[in-house]
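In what follows, structures are represented as structure tokens.
You will see subunit A twice below: alongside subunit B first, and alongside subunit C after that.
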Partner chain A sequence: MTPVQPKLSTDDVSLLMVLIDTNPFFWSAANTTSLSFSKFLSHVVAFLNSVLLLNQLNQVVVIATGINTCDYVYDSAAAGALPNQRAESLLQKLVEFVVKDEQLGKEDSVDGIGSSLLSGSLSMALCYIQRVFRSGPHHPQPRVSVNGYMHSWTSFPFHRYVAIMNAIFSAQRSMVPIDSCLLGAQHSAFLQQASYITGGVYLKPQQLDGLFQYLSTVFASDLYSRNFLQLPKPVGVDFRASCFCHKNTIDMGYICSVCLSIFCKHHKNCSTCGSVFGQAQTNAPSTSNQKRKTPET
Partner chain B sequence: MVDGKVIKRAKHKSTIKDPGTPGILEMTEDRFIFTPHNPKSSPSLNVLFRLIKGHRFTKEGTKQALLNLTHEQGGSYIFEFENFSDRNVCKEFVGHQCCELQKLHKQFVLGGVLTEAEFWATRKKLLNGDTSKVTRQRAGFKSALLSDVKPSADGRSNRVTFNLTPEIIHQIFAEKPAVHRAYLKFVPNKMTEKDFWTKYCRAEYLHSTKNAVAAAAEAAEDEELAVFLKHDDVWASEARHKIRRVDPTLDMEADEGDDYIHLPDHGMSRDGSDYATDSQYDEYRRSLSQVLNRHGAVVLEGRSIDVELGDTRSVAEALARSKQVELANGASDGMVNQERLERISQLAEIEDLQASRDLPLAPLFIKDPREYFDSQQANAIKTLGDTLAGTRQIKCSLSTSEAYGSLRERISEVKISGLGDPIVKPVIAFKVFDGLTQNIKSNKYQRGKNPQESVLDGLPKITKEELLLHWTSIEELLKHFWSSYPITTSYLYVKVRRLKDAMSQIYPKLQEIKESVQSDCRHQVSLLVQPMLQALDAAFAHYDADLQKRTAKSGDRPNGFV
Partner chain C sequence: MPQVKIIAKNFMDMVASLPAMKLDKLYDNAFICEAILRSLPPLAKKYVLQMLYIDEPVLATSIHEWVLADGESKHTVAIDRLVQLRVFIETVDSGVLPREPMPSTITVRLPSLEDLEAYAAEQWECFLLHLISSGQAERTTNFSSSMMKIFQRGLLSQRDKEAPKLTESGFQFLLMDTNAQLWYIIREYITNSEERGVDTADLISFLLELSFHVTGEAYNMNTLTDIQRNVIKDLADLGLVKLQQGRKESWFIPTKLATNLSISLSDLSSRKQIITFLQQNAHPRVAERIPSVPENVTDQIRLWESDMNRVEMTPASLFDEFPSRDVFEAACDFAREYGGVLWEDSKKMRLVVKAEILGQIREFLRRAKYMVTIFLLLLVETALISDIILNSDWEKDLPEDPTGRFDDFEDFVESNFDTCKWIGLLIVLAQGCSILLATVLKTLEKDTGKHYDSDDDYAAHRLPFVNNSVHPLPYAVADFPLPSKSETWMIRKDSQ
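Right, the complex of A and B next:
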């Protein structure tokens, strides 16, 4: 295995891993509101084309993220990709992917809402990047661009939470920035953190009609150019914690010394891990106060 | 002082005792120049006033009319004038040129808010400088050894005279606790002070003869004398006490290579007498190293009592008290021993002999991992101000197949109709650019990036200066205001009212500044002004509360009733 040498890469040649969310529930909901999937696709395809035009060596890989599976739908470096039929091949692959995603869902008989497999597509992107890292000393500078995600964190099962966080941390370790463009109604604390940790850009466009403009202005810039650009910065990631008992955001609180659960007031035992807490220190002076007060009255 | 220029005859002195170089002192608006009459005698001076930190002067009616200008980087210029009126002219001139004090002085003293005396009262330190230090340095013990107090013989008779001063007695007490103890015990019950010291001197004399045999013989006859001749037992126990505090792993024997240490008196013979006397007289001998060590320790410890040295008795008692305090401070013997043992086990830990430290570990058990990990999401969503509801409900209204179907439909839609043309309408593109650059434009992102950059520098120069001036004047007024409380005299009462009026005049000015600045700076300015206003408000509140209390009190008391 060749050792990873990210330093030798040329930083104005990009390898752009684009993860697009193909969660059917989200997109059918979005149909009625602002941006339909077809509009979204036209913006994204135009964006991909412009990225490829920026530098002849630029490479674009698109990964579709379904609710049951993920797959590569387009790779500009692949042998079969004809330059003048990019959109066609992409769309064709996408249809095939959607069909596959639906079939897999039926087999598993998952009913109701599923959330997109961000962990899966992120891992695939990072694997691809690792392969590129080992391909030789001069490889394009990779970055991951997550588009269109709108899931809420609460809908993640626990194991997927860990998988996503692991993916984010491994991206951080291999210095791959994760850009995220959120189209949904709500922010994703997840992607916000991912971009924050990896030094990417987190953006939630206000004008969905102008998605292409956002993409080409903010996300098309390569890592070298980013040194000179003032890209949108997070207004402030709130790292304050909320307590486990009332879900209040707190500045100071009690922390279980065993499992690090956070509480806004003193409990007899930890609701998470069941550890029994000792007497809190703050009780001591209050009792002495009472003692001192009694003779006075 | 006409035309902002003063020329006076003066002498420049490098120190106060220096006779001085006669010459001409010329003070202009920004500097003073001193030209000596004899250009060869010393170089002329040319110093800017802004480098002058402060000035001092002698009182009128004293011997010399001096003016001392302190330079910013230390050092000072001393000028002696022919008479005080000359000096005062120069002093005032300097006072007007010197530093920002001038501004405050002009504002408050000339404005009638404060009197001259009040203004300078808070700056006594500045005027007197280091002449009146609060704590006087306490003289320590002399570093000369006690044994240096040599007996003097007159040569004709057999009399040997010792000269003991209170200073020496104090030192004896400090260095020889046994003598100190004996003094407290014997004087004045058993013997007079004179007898005591005679005995002591006799013992010292015996020591100086180095005749251990004779000393032993004398001690056997006189038990009081023996106290002085024998080894100081208090001293010994103190030494034992100290040794306990030494790092227990310290191996003294390892140092035995430095052999000369183990020779008595470091191998330096004090005089020719032999050391090979019988061990039974050992306790009547003193080694130089013992005396030196003890002396060194006492000198380093310094003087711990603060009693006039005249009365020997009171010195002895004071010393005893301070010793007791020291003892009380130190832990009791048992505690010390315990501590020592603990330290030994800490320092000389042999891992092989320790029990293994594997504590019985309970595996972490988390009842509901999902809640554990998800609990922070609620927070994130809340702070971002978005609702969870909306989209999810819509999602539920569709079946899976319908959803996939519509997705496929959308894709084929793109296939058929192609990409939109134009993809983005110019109006929307403009909006996007505007939105993206707004972040960059807003100064929220610019601030705090450069640590050298101060908010004040971003403000217009006039505003900045005004703010600084107001700040210093408020500080000055508040200082006087708070120092006047509690109001005990009618004078203070009037003063406080004057100060309060002056402060309430500044108040609207601050508001004016706040309103005068442009909108993008206003927030910062109000942040700057806020603490000033708060400080003023606190003062006003106190003033009002105090006033109310006073009127209430005077109301309670009927007229003529004291």
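Right, the complex of A and C next:
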């Protein structure tokens, strides 16, 4: 048994965590554009099938991201092997998930326009990957593929921002690349950063009808092949952060030294973690451009 | 587990080596498709997935752009594998002709098809005249004299200071159909293209491309490369194309000769050649008759040809004065085994074999002689030993030794009997080993004789390990090294 195992780890075996956005607000808006959710799903299912086809040890896990909850909808290690069963079980689980998501939305009071729980699904994916990592010394090369997101920066509540950033950094630490395929109208500086930091691919397809071609060309490449392939390079990654108070994109600002929240103006205390800030030091005009904040407690 | 890997690899190699038809049939099965896809190198899998829904051919250069410089070797391996398995099929862009046809807006008087044919025939006649007798042609051609020399080689023979004479093949050349003549010249032209700094492959592809142009249409010269322009000037001299100078641009018009380039001739027996030639070049008044060549003439030619075919020439070797009947019969059997016996006379012990198995039969005879010697030696040895063992007082048979040295030697042997016994055993053992080794070498050597026809190219590398040099045998008196073709032995036999 032992001589085979090193072979597996160097091969193109991969574990693909696919995060799909089921945000009804986005999809209802996108219905007017070229791609409907059902079409999107058919592209994604074909993509999942082709990934599973490439290597019998490949594993695919799909996590649906709703507004109020997120859940595993498909795991190729647990589901049946036949392609028909795959699609069926995935769709069935997805319907159940959407219903559950809707019910949860009715119970809770929705705070404004719902945004997808990307932080939750990212964390779930990373947990799953950690479990695989710890299962043994030899495991497939995991990567996370974030699919079909259209999130606008402004709709993010602050606490989610922190959770997402934490998830991204933990992905970076465990060397898990995050690929993002953005279907929205605008670029997402946030997913750009996520892919850039973790060494994944960020892509915003121009022709949504040919989504499968994008998925199979770019996102199906295993980590081993990526060393040799010409993949979309990050051009003009927006590294600027947005402040938490007015959602402005800023070059310079104030940062909470406890929770790393960003503000464009000086505040008395941090709106995220509640730390109390001291006075801005005015006695050092030469270093005033690097504004340092120190919490008092 | 590793062995399984090896088997799987071999299995895929086996699949890859299948003929195209079978391979294509295999791909009807979804499981085989899946298995083959999974057996591919990672990069190749990627390519397959990527090209899944692409119906049109993809340029090799654009596929090449998918990889980074680091992956060059892997890319090559992947593409080779895919082509080998016929997952990718190489196609050459066979869409529109790259040559720009003359736009219909330009009103230049194009020659009619008849004019063009007449022009081609005239050019070709002129070239032939030039070829056969360089002095007689009224027009000079674009071909350099060295090029002409190359064309003339084989067709004309020139002894110093004399006028060149037509050789037999030159005569045949003149009898050939125009297309065949053209092929001959074009072939010479192609084989010598390297010397003129033209790539052979380029030239051939250009010529073939030319043969697919439409006769009588004008094509612009501006799409041609410099080399192709030079080639087209040569071709104009042969009558393959007609050059036409427009106001600004120049055009070339392929003639019938060019479009017929890809027609090849099958039956080139001399009889048919002559009759066809007679039919083609008959006087117009004779040509009206049916048949244009009288039947008695064609029959006579046919008779003449069959008479030529009645006698078959085979280079041969005669073996004579065999030392014994056994050797002669063994040699006959050996030659028969190779299918090389032409004639044998068992009374006078003579054998005639085909020249191609001469080397093998020589080798065989020498081996036979060698084996006889060995056998005799062994026989003598056995007789001596049996005499010593059976005859109890064999010592008395030895002659008297007056010097007494023999007695001294005998004493020495008796005093060191153990050592001598071992030495004796060792000698016998060494002898046995040598014979065994010789037999092994012989059997190994035997295989070199029975190689396939296609191995002829490698025959030089397969000389036997021992007895490499070939010595003439004393009893092969008539051993013909075949000095020239004209002096070969003729074996007459009735072919019908």
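Basically, the second predicted complex is superposed on the first by the 218 of 297 C-alpha atoms of A that agree within 3 Å, B and C clash if a C-alpha of one lies under 4 Å from a C-alpha of the other, contacts with A are read in each partner's own complex, and residues count from 1 in each chain.
In the analysis below, a contact is a pair of C-beta atoms (placed from the backbone, for glycine too) under 8 Å apart; a residue touches a chain by one contact, two chains touch by 3 or more.
Predicted model, so just to flag it, every value in this text is computed and none were measured.
Of the two partner chains placed by superposition, only subunit B is touched by A:Lys233; subunit C is not. Within the superposed three-chain model, A:Leu41 lies in touch with subunit B and out of touch with subunit C [touch as defined at top].
When both complexes are overlaid on chain A, the residue A:Glu96 reaches neither subunit B nor subunit C. Taking subunit A as the reference chain, the count of touched residues is higher for B when subunit B and subunit C are set side by side.
Residue contacts after overlaying the shared chain place A:Thr217 against subunit B and subunit C alike. In the superposition on chain A, A:Phe244 makes contact with subunit B only, not with subunit C. By the touch criterion stated above, A:Ser225 is placed in contact with subunit C alone, subunit B being left untouched. Under the contact criterion defined above, the residues of subunit A that touch both subunit B in one complex and subunit C in the other are 212-213, 217, 230.
Those residues of subunit B that touch subunit A in the complex are listed here as 364-384, 386-388, 390-392, 394-396, 398, 400-404, 406-408, 410-415, 417-420, 423-425, 428-429, 431-433, 435-436, 439-440, 445.
On subunit A, the positions that touch subunit C within their shared complex are 1, 3-4, 11-12, 50, 53-56, 212-213, 216-217, 220-222, 224-225, 227-230.
Contact residues of subunit A toward subunit B in the complex are 22, 24-29, 31-32, 36-39, 41-43, 45-46, 87-88, 91, 94-95, 98-99, 101-102, 105-106, 111-113, 150, 152-154, 156-158, 161-162, 184-187, 189, 192, 205-207, 209-214, 217-218, 230, 232-233, 238, 240-242, 244, 247, 249, 258-259, 261-262, 271-274. Taken in their complex, subunit C has these residues touching subunit A: 1-2, 34, 37-38, 42-43, 45-46, 49-50, 52-53, 65-68, 70-71, 74-75.
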